[in-house]
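Presented sequentially are two complexes of subunit A, the first with subunit B as partner and the second with subunit C.
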Partner chain A sequence: MTQPLLSYKNVSKKYNQRLVLKNINLSVEAGMVIGLLGKNGAGKTTLLRSALGLINPDQGEVNVLGELSHQLSASNKEKIGYVAQQTFGYEGFKIADALALHRSFYPNWDMQLEAKWLARFELNSNSAVNDLSIGQRQTLALIMAMAYRPQLLILDEPVASLDPIARREFMSDLFDLALDSGSGILFSSHITSDIERVASHIALIKQGELLLLDELDVIRDTVRKINFKASTIDLSAYKVLNQQQNCAIIYGYTGEVIPDALAINTLSLEQLFVELHG
Partner chain B sequence: MLEFINVNPNSGDPIYKQLHEQVVRLIVGGQLSAGDELPSVRKIADHFAVNPMTVSRAIGQLVDQGWLERRRGQATKVAQKTVQQTDQQETLLFKAIDQLIQQAKQLDVPQSTISELIKKRWEL
Partner chain C sequence: MMQVSKRPWYQGAVNFWLKDVGSASYFIGATITSLLCLIATGIEELITLMIMFSIICMYSAIAWQSIKMQATEWQSLVIGYRKHVMFQGKVFIILSNLVALLSIIIAGNINLLATLTVANLIGIIIWFLNRSFSHLFTPVCYFSFFIATLICVLIEQLPAWLIPVNVIAFIAIALLHNNFSSAYTWRPDALINYHNGLQSGWSPIPSGFLSNYGSPINKGLFPLSYFVGSGLSQYLILLMFVCTLGVIVNLFYNISEHVIFVLTLILFAIVTLSLWSKIQKQNSWELLFTLPIYNCSYSAKVALSNSVLKLALLVMSLCFVTASALSLANSTFLIFNILSYSLACSAGLLLSFTVGNVCKNINLLSLFLCLSFGLSMGLAIYMFDHGDSLIKLGGMAVYTLFMVGLNRATVRYM
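Up next, the complex of A and B:
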């Protein structure tokens, strides 16, 4: 087995006595695009930032490209791309100058890719960063994080401010990175339809716990909402993700008849998300 | 052929299943004929803005089930028709029928009424 690009082992983190990450185990391997799904405050950003050594876990360890995340060497840092939820710095710079400075930190910077993306997203390199819209800043941040083809790309709500056309183009770039360059991508987003399109895997996090982690298609194929009258219904053959009085969300369904079930329905990712927080 | 296909990420079905089902429909319905070439996985993925692995999965299943043929170094093509494929016209309606049955049961509408209803609507 190849070594994962990023792995969390039994990672827990507390802020002021409140557990924000509870015993997280998660690995990102080459070619994977993991969509991290969770409510605001579920721990997504803490999880992402701990991969960069920006946050130290209280328990467990985070390995990045073979090193502990808080002891990353410079050469490995050059292989990681990160776009934070809030951008961004380079105030008072022109785009061209901001890119020139940024580029100087990354020996593997691809000028052609930079030029291609600037043109595609209609960014004028003479514009001042201060004058950019939020969406344009996000685009610039993505260019800065991806133009050196990082082996590991970590994106915190990267596309929330991009228009649908820019989102699509950006997704296609993600695939280039994951499939052609063999990178691994971990990204959080609230836009479930984007995750549905882009992700190969889904990690669903609720109140700091990793509730579900699997291939997107497996999740979509085997997650069902079951409606029933009697609470005596036997769902022990499945992993029950959420159970209410008259319905439950199960995982691992493969088409069997469930006695006492009134209805068995598939769920879109958005429905699953909403149901799990019901 | 891509213009005949529609991917909806918010639907109850995973994207690979939507692609699979719609290609089968195009073949059974005759919009795609034996020997027609499919665009590359990457082109299809770009067109719908979906993960190429999702497209690969759909195509792989279609190849396994004999709908498509894949030869090394060549474009994937629609396979020659087999007897089994003609049965599929009916199978393709199962999902819609199952949904109808489920709704009829929820509304307490008996089977005989459903048959009559179908007949009535058919002749509209």
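Up next, the complex of A and C:
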């Protein structure tokens, strides 16, 4: 078995007595594109930051490319790409100057990829970073994080500010990159359609707890909404993600008959997200 | 694919230090005062102040880059990025020290070396504190600049024995810094502190300070107070407090010239801060235009010009009352000096706001604000010392009226 690019083992983190990450276990392997889905404040950003060693977990450990995340060596840092939710760092630069300086830190910078994406996202090299829109800044940050073809890519809401066309193109490129370079990608988003389009795996996080982590197809096939009348319905054979008086969301369903169930319905990712947070 | 380029140390220096507004405001100040060190070698009082300010400003600029570093999440992943930026900062600090040393050699005064070492000691404290605690930038800078000004104003010459003491303290801090805390690591509050620092004009006053007492002043100075914020009234109250304190102390010790110097310095610092805050909030114009009290954008601009004029009148009154109270205790100054001084202060304020009206480029604005600061400060002090004739008073009155007209005429360019 190959070593995962990124692994969280029993990771917990508290802020001001509030548990923001609860015993997280998650691994990212080469070729995987994991979409991290959760509401605002669910703990997505904390989870991603802890992979970079920006935040130290109170319990458990985060391993990146075989090293603890807060003790990353220089050679491993060069293999990680990161785009933060708030892009910041090259104020006062023109795009060309910012890229020139940034690429000087990376031995494997792909100039063709940089040029291709600058053209695709219609970024003018002579524009000042300060004058860019939020979406354009995000695009620049994405180019800076991906043009050296990192092995592990961590993206915090990478497309939130892009228009639908740019989002679709970027997501397509992201998937190609993962396939071509054998990279592992962990990205957070609210936009379920984006996640469905590119993610190979889904990680669903609610109040710091990882409710669900599996392949997208498996989730589609095995997550069901069960309606019932009797509260004595037996769902012990499944993982119950959410249960209310007359319905429940279960995971692990394989087509069998459930006694006392009135209806068994499939859910889209968006429906699942809404039901879990309803 | 391409191989790593051999990066020159100065790559991105202009962008980091001159085009980042926060850093530029200190870096430009440091550069100008460094050059003034060489020009002012014959004027002992001025060279002391210039050495102190050039060095502390340069350390403040590097401290600002340290805050930016803490606000940048990805910087720890980019190997060499932090070292590259900080190396540039160190080069600039060494250069400004070399210029200061050269001016000391030209001046031929060993005691100035004590000033230089004190400045470096204060500077390294500013820098090292801000490498870990971005929220301390404003109070640490203000405290340091205040201490530096007091040292320059109150102590004629620092004793030479301070030189080895300062050097040892400097080396100790430089060597032990790694034991204090983790420098430059990302902190969640650093980005907020960075943006707050830019928008507030590094106001040292807590946001809620004296807010109840200041509201009538803010109403009277609307729409200027709309741009500057509650800080405008707080600054004025603070200024009145400093003036009162100076006048009281002057009753017991004759420090009238020192009080005038400190008052003028604080006044123009406050004017610059207010103007800076106003410029940072220029994008709030749209909301102001939509208020039903203005017919068009031009009428809002004229209202702003009028509120600046009111502020100039307030400042003139405050300077007149303070200078008169000081001269009552030591009747060495004529009414001409006092009037000329008061007019020079209000004219200086109007000049700064006129520069703000016309100048769009933030770097040019920083440069011209520094120049107008120096010019207005020099003129005010000169008038207090030498403005003892009716001709000079008349000249000052004409100059002030010209500034009133110029301020009004340039509002259209805002």
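We adopt the following convention: the second predicted complex is superposed on the first by the 278 of 278 C-alpha atoms of A that agree within 3 Å, B and C clash if a C-alpha of one lies under 4 Å from a C-alpha of the other, contacts with A are read in each partner's own complex, and residues count from 1 in each chain.
Going forward, a residue touches a chain if its C-beta (ideal position, glycine included) is under 8 Å from a C-beta of that chain, and two chains touch if they have at least 3 such contacts.
Nothing here was measured: the structure is a model prediction, and the numbers come from that model.
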item	value
Which superposed partner A:Gly89 touches (first subunit B, second subunit C, both, neither)	second
Which of subunit B and subunit C A:Asn265 touches, first, second, both or neither	first
Touched partner set for A:Ile80, first subunit B, second subunit C, both or neither	second
Partner chain in contact with A:Asp110 - subunit B first, subunit C second, else both or neither	second
Which superposed partner A:Asp97 touches (first subunit B, second subunit C, both, neither)	second
Those residues of subunit A which subunit B touches in one complex and subunit C touches in the other	none
Touching residues (chain side subunit C, partner subunit A) in the complex	1-5, 7, 11-12, 15-16, 18-21, 23-24, 68, 71-81, 84, 185-186, 191
Complex contacts: residues of subunit B adjacent to subunit A	9-17, 45-46, 48-54, 57, 102, 106
In the complex with subunit C, residue positions of subunit A that touch it	49, 52-54, 74, 77-78, 80, 82-84, 86, 88-94, 97-98, 100-111, 145
Of subunit A, residues touching subunit B in the complex	31, 33, 167-168, 171-172, 175, 179, 192-194, 196-200, 216-217, 220-221, 263, 265-271
